[in-house]
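Here chain A shows up in two complexes: once beside chain B, once beside chain C.
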Partner chain A sequence: MKLLKYTFALLLSVTLASCSTDNDDDNGSEDLSGQTGELILKFDNGVGDQDFIFGTSYSKSNNESFKLETLKYIVSNVRFTDSEGNVFTYPTEENVFIVNELDGNTAGEIYVTLNDVDAADYVSVTFGVGIDQDRFLLGAEGQGAFLDEASEEGMLWSWATGYRFIRLDGTYSSDTVTDAPVNIHMGSVGTSLDNYREVTLSFPNTVLVRETTSPQVHIKADIAKVFDGTTSVNFADGYDQVHTDNVETPIIADNVNGMFSVHHVHND
Partner chain B sequence: MKKYSLLLLGCLIIFSCTKESETVDYVAIPLEVALPDNFPDIVYNLDNNPVTEAGFELGKDLFYEGKLSVNDAIPCAFCHEQAFAFTHHGHNLSHGVNGGVGFRNAQPIQNLAYQTSFMWNGAASHLDLQPIIPITAEVEMGETLSNVISKLSADSQYQEKFARAFEDGEVSTENMLKALSQFMVMMVSSNSKYDKYVRQEDNVTLTTIELDGLNTFQQKCATCHATDLFTDQTFRNNGLPVNPLLNDTGRFEILEDPNDLYKFKVPSLRNVEVSGPYMHDGRFTTLEVVLDFYDSGAVDNGNVDPLLLRADGTYGISLNDYEKESLISFLKTLTDNEYLNDERFSEY
Partner chain C sequence: MMNVFQNIKTRIVLLVIVLLQTSLIHANNIEKPCNNHEPFKVLCDLCGCSTSSGSFGFGTLSNANFVGVRYIYQNFESRNGIFENSPTSKEHFNTYQLWAQIPITNSFYVSANLPYQDLTRDFNKVKENINGLGDASVIGWYKLPFYKKKDANKVDFNTEREASGHSLQFGLGIKLPTGKFEESLADNINPGFQVGTGSVDGIFSLGYNYGGDKYGVNTLFSYYLKGENKNDYQFGNQFSYATNLYRSFATEKMNIMPFVGVSGDVYETITQYGETIADTDGNIFNASVGSELAIEKFIFGASYTLPISQSLFGDNVESKQRVSVYVNFAL
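This part shows the complex of A and B:
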């Protein structure tokens, strides 16, 4: 019995020791344990080489062009990997955001501000577009304030259907039609179709999160890739209206997943 | 020791017994369907399906229930969102399971207890039977009634809810449809600015431009958009150019009477500000475009309503710019924010 007690004590001290070493030895002399800081993700929507502007016509493949009045998407499960391979995950409950082009500053950048991020030297960010099944299965009551936010932003079907992960509303024109409606409302479909995807983006240089700095990560989203990404799709073939189709929505989900890149980071 | 075990066992048995014998009883707390002073007589026969609290709540649950569809993910509310007077906002045509695209624009759900027929072509003549159409349509919910009932029957919560709502307590098609009707007949929109003005409530007045619009409306629109329901409930061909992709013959589908070609039910205009896009195929996205159509866009498709025939032989309703502007101002007085935000009908 006594032996067992000692074993426990030993085990406990080993665990404690490993915890503390995790935090401080990565940064040479700098002690970051217990330190947290702010990190800002700046989402910047564009179309190819152009900045995205509402109502502007952009051409795509198949001699089609499109103009949008609504451009928003859900980003969730943001986490960062540091130079030692440790992963910091933002607290689950707050780890879901709507990136709405309408919320952009004059430069068209939408800020997602993350507070209390563990101080570390981060080399990459991972996030999902949309809502994963674990979060969906928490039910309408388990969504916290995000349910209302998503509902007000028009990013929620009825609960049984779930969230719209991306919402593009506008019109398209081609050789044969002018200003026909475009509504891309891709999401998972209840539990019957999972369109949640995650992307990991490496930083061109290390992002230093400290108590005294708020580094910014400038993420570009190329909206052209929604239609001309991994797979090119044509409005004329039915991709003008994308809602719950089990062929179309996974293709759009994959395309959306590939539209992000980190342009640069600021360590101010 | 043995004694205690027995005692414990006894407790357990008693517990499990009480749990099983805890049947839910039918509770008939009546709810009153609104009968606004300025409305025509109610059509729905409430005696055959009196609305109760439990029936209404069950109907609401079913309205937001994905199990009514084949993939468990497309409830009625998918195409009927409250903020837009229960329409499929921004969608010209309805969408359904597996990306199915319907043929028509989802209609608002409001004041259905006062309607004599349902759907754009009047395919349903009784409200209790209307939900069968979207539930079983391949491009909408794609499910069978028997399958819906077997899914609901397997759910203990629904077993209790049906028991509370209906005397026979059964999870059956009849009770499901009755519950949906109980929810829908309660959905009365009658508290717009216009309603308060005509009922002389709260000292509500209309502005000059709204009154001018009302005046134009009464002269040029109210024959078809009649009564304070803003529909005479007839089927009419308003001279829309036929969309060859859909070639929707409307009311003709029902009786195949050539006189019914391209006729659609005159829609109510309540909450019209938020229920776009407009027309049976949602081809017009704004009210301005709708009025421009009536002024100069109608075509002779062979069966246009004679009421729309003008002296010069063309079809339409001539409107000058101010008439259009004031009509739209008037139509916006039909927006009923109390209804659009009524928590009794909200999912959350």
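This part shows the complex of A and C:
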């Protein structure tokens, strides 16, 4: 009988011991200096709660609907703020990306992989849509390889006019028209009109960049907001063709700026 | 008396062997570096890892002692993406368990469960399979039977009290990380797509049993206090419940016991690196029908379980059904 009691007591103590497994809080004392890691931004385009799919008709305000064949935008000046308020900015020369829906994986996610990010506990990301005036003023030579890339992707008007920050091509339908062309080519116009905007997004969980990990930030871009964002615009009122207009493009720029949110992060 | 003691000793030796084996198997698990980064999301441990949970039951209807094998089939649908129309994957989980309820004395017994998991995930016409030893669990039980009140007017020469058929069971147990937890897999929408949680969990159970001549009830409440695994990943604590009502049709040769029941699980939020992760809690409520058939020392059982309501992990995971069959040898 004694043996039995011991067995039960042993089982009990093992169980209780297991319940009090405490993790040493190593985050505080961790030395991260000199350590860098990879961080992936996953851009995921949708329309409301629907995943974006080319050729699918999406309705918007004013009884209008749209279908797209091209969906791409420029993201630049990516930087991260850590829990202590320090900011890590990705190296300027490489800090410009084209997010093209065509480059999406099977789940429609477009990866922007950032290497050699300083190891830290990041709480937010800031990036701009388009090209800021500083980068534009570096001149054509100062753009590096990105000039050719943008040109090939159809994201450049001419050097004098500059870049297209976002490019949506497709058609729209309304009560009165069917499949009329839509071309939203918003950008700055040389140095006379600056449509570059930045957005800061907080992370729902801390992003831990380490030598050995590769955290991912899943950014949702709601394309519906391009037309029904801060300001609702109608194709019928001229927003079917948005190019260099100094009234229309700032409105679209503000709307585009508001279409991003961080859905979740992975720390793996 | 010596005989009884010897009997107990044998049983303890048996138990120690089972425990030793599970820990040995654990020690043999070799760490595999995770290199396949799936673009999906982290969630819970409802499926593969928790087939030993209370909502599946720990034993037979009549709470008899046994050793046996059980097979469980479950399927799920998980959404792989953040949108309403994101593609879904289908998961098929096959679990093979060695399970037992071993008596130690009249009041104490131990239930143990050692699963082997064979899990398949079907996404975009690509099949992924993982299999291996799952998480073993051992629970020590104290049984508190209730007795019929004695008639004060009668002189009773019988020193044995008459059992009322009602009893309570108090269980204290442990779930061991004998199954491998792979971090890269936790990126999947359905985090149950793992053969193990990688954590040591505490199990606290309370059972109520009634076995009459014709009818019986079997009720079980369990709480799982989950530990953190080595990847700083901690599944949410879990509350499981199950109750089955059975009718016994006995003949000379056999005893047929059809039953109906309800069961469910409530999951708390998962934490990683000390932070909770959104949309990782959930609950499910199921209905079951099944039957046991006892022939001599053998108990054959089968049950079918269908979810009645569920909200699992931001509704990203949907349990479809569960089938369980088992063969036990009564001790």
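Observations on the structure shown:
Keep in mind that, in the parts below, the second predicted complex is superposed on the first by the 241 of 268 C-alpha atoms of A that agree within 3 Å, B and C clash if a C-alpha of one lies under 4 Å from a C-alpha of the other, contacts with A are read in each partner's own complex, and residues count from 1 in each chain.
Everything below uses one rule, namely that contacts are C-beta pairs under 8 Å (C-beta built on N, C-alpha and C of every residue); 3 or more make two chains touch, one makes a residue touch a chain.
Since the model is a prediction, treat every value here as computed from it, not as a measurement.
Using the contact criterion defined above for the overlaid structures, shared-chain residue A:162 touches chain B, although it does not reach chain C.
In the superposed model, A:107 lies in contact with chain C only, and not with chain B. Residue by residue along chain A, chain B and chain C are tallied for touches, and C comes out ahead.
In the superposed model, A:245 lies in contact with chain B only, and not with chain C. Of the two partner chains, chain C is the only one that A:204 touches; chain B does not reach it.
Judged by the touch definition given at the top, the superposed model places A:57 against neither chain B nor chain C. Of the two partner chains, chain C is the only one that A:42 touches; chain B does not reach it. By the touch criterion stated above, A:232 is placed in contact with neither chain B nor chain C. In the superposition on chain A, no residue of chain A contacts both chain B and chain C.
Contact residues on chain A toward chain C in their complex (touch as defined above): 1, 3-4, 7-8, 11-12, 14-16, 18-19, 21, 23, 25, 27, 42, 44, 46, 49-51, 105-109, 204-206, 208, 214, 216, 218, 220, 263-264, 266-268. Interface residues of chain A facing chain B in the complex, by the touch rule stated above, are 140, 147-148, 151, 154, 157-162, 169, 181, 183, 189-193, 241-249. Touching chain A in their complex are the following residues of chain B: 64-67, 69, 71-75, 77-78, 81, 89-93, 95-99, 101, 285, 347-348. On the side of chain C, the complex with chain A involves touching residues 5, 8-9, 12, 15, 34, 37, 39-42, 80-87, 104-105, 108, 110, 124, 138, 140, 172-174, 183-184, 186-187, 200-203, 225, 227-228, 232, 272-275, 277-279.
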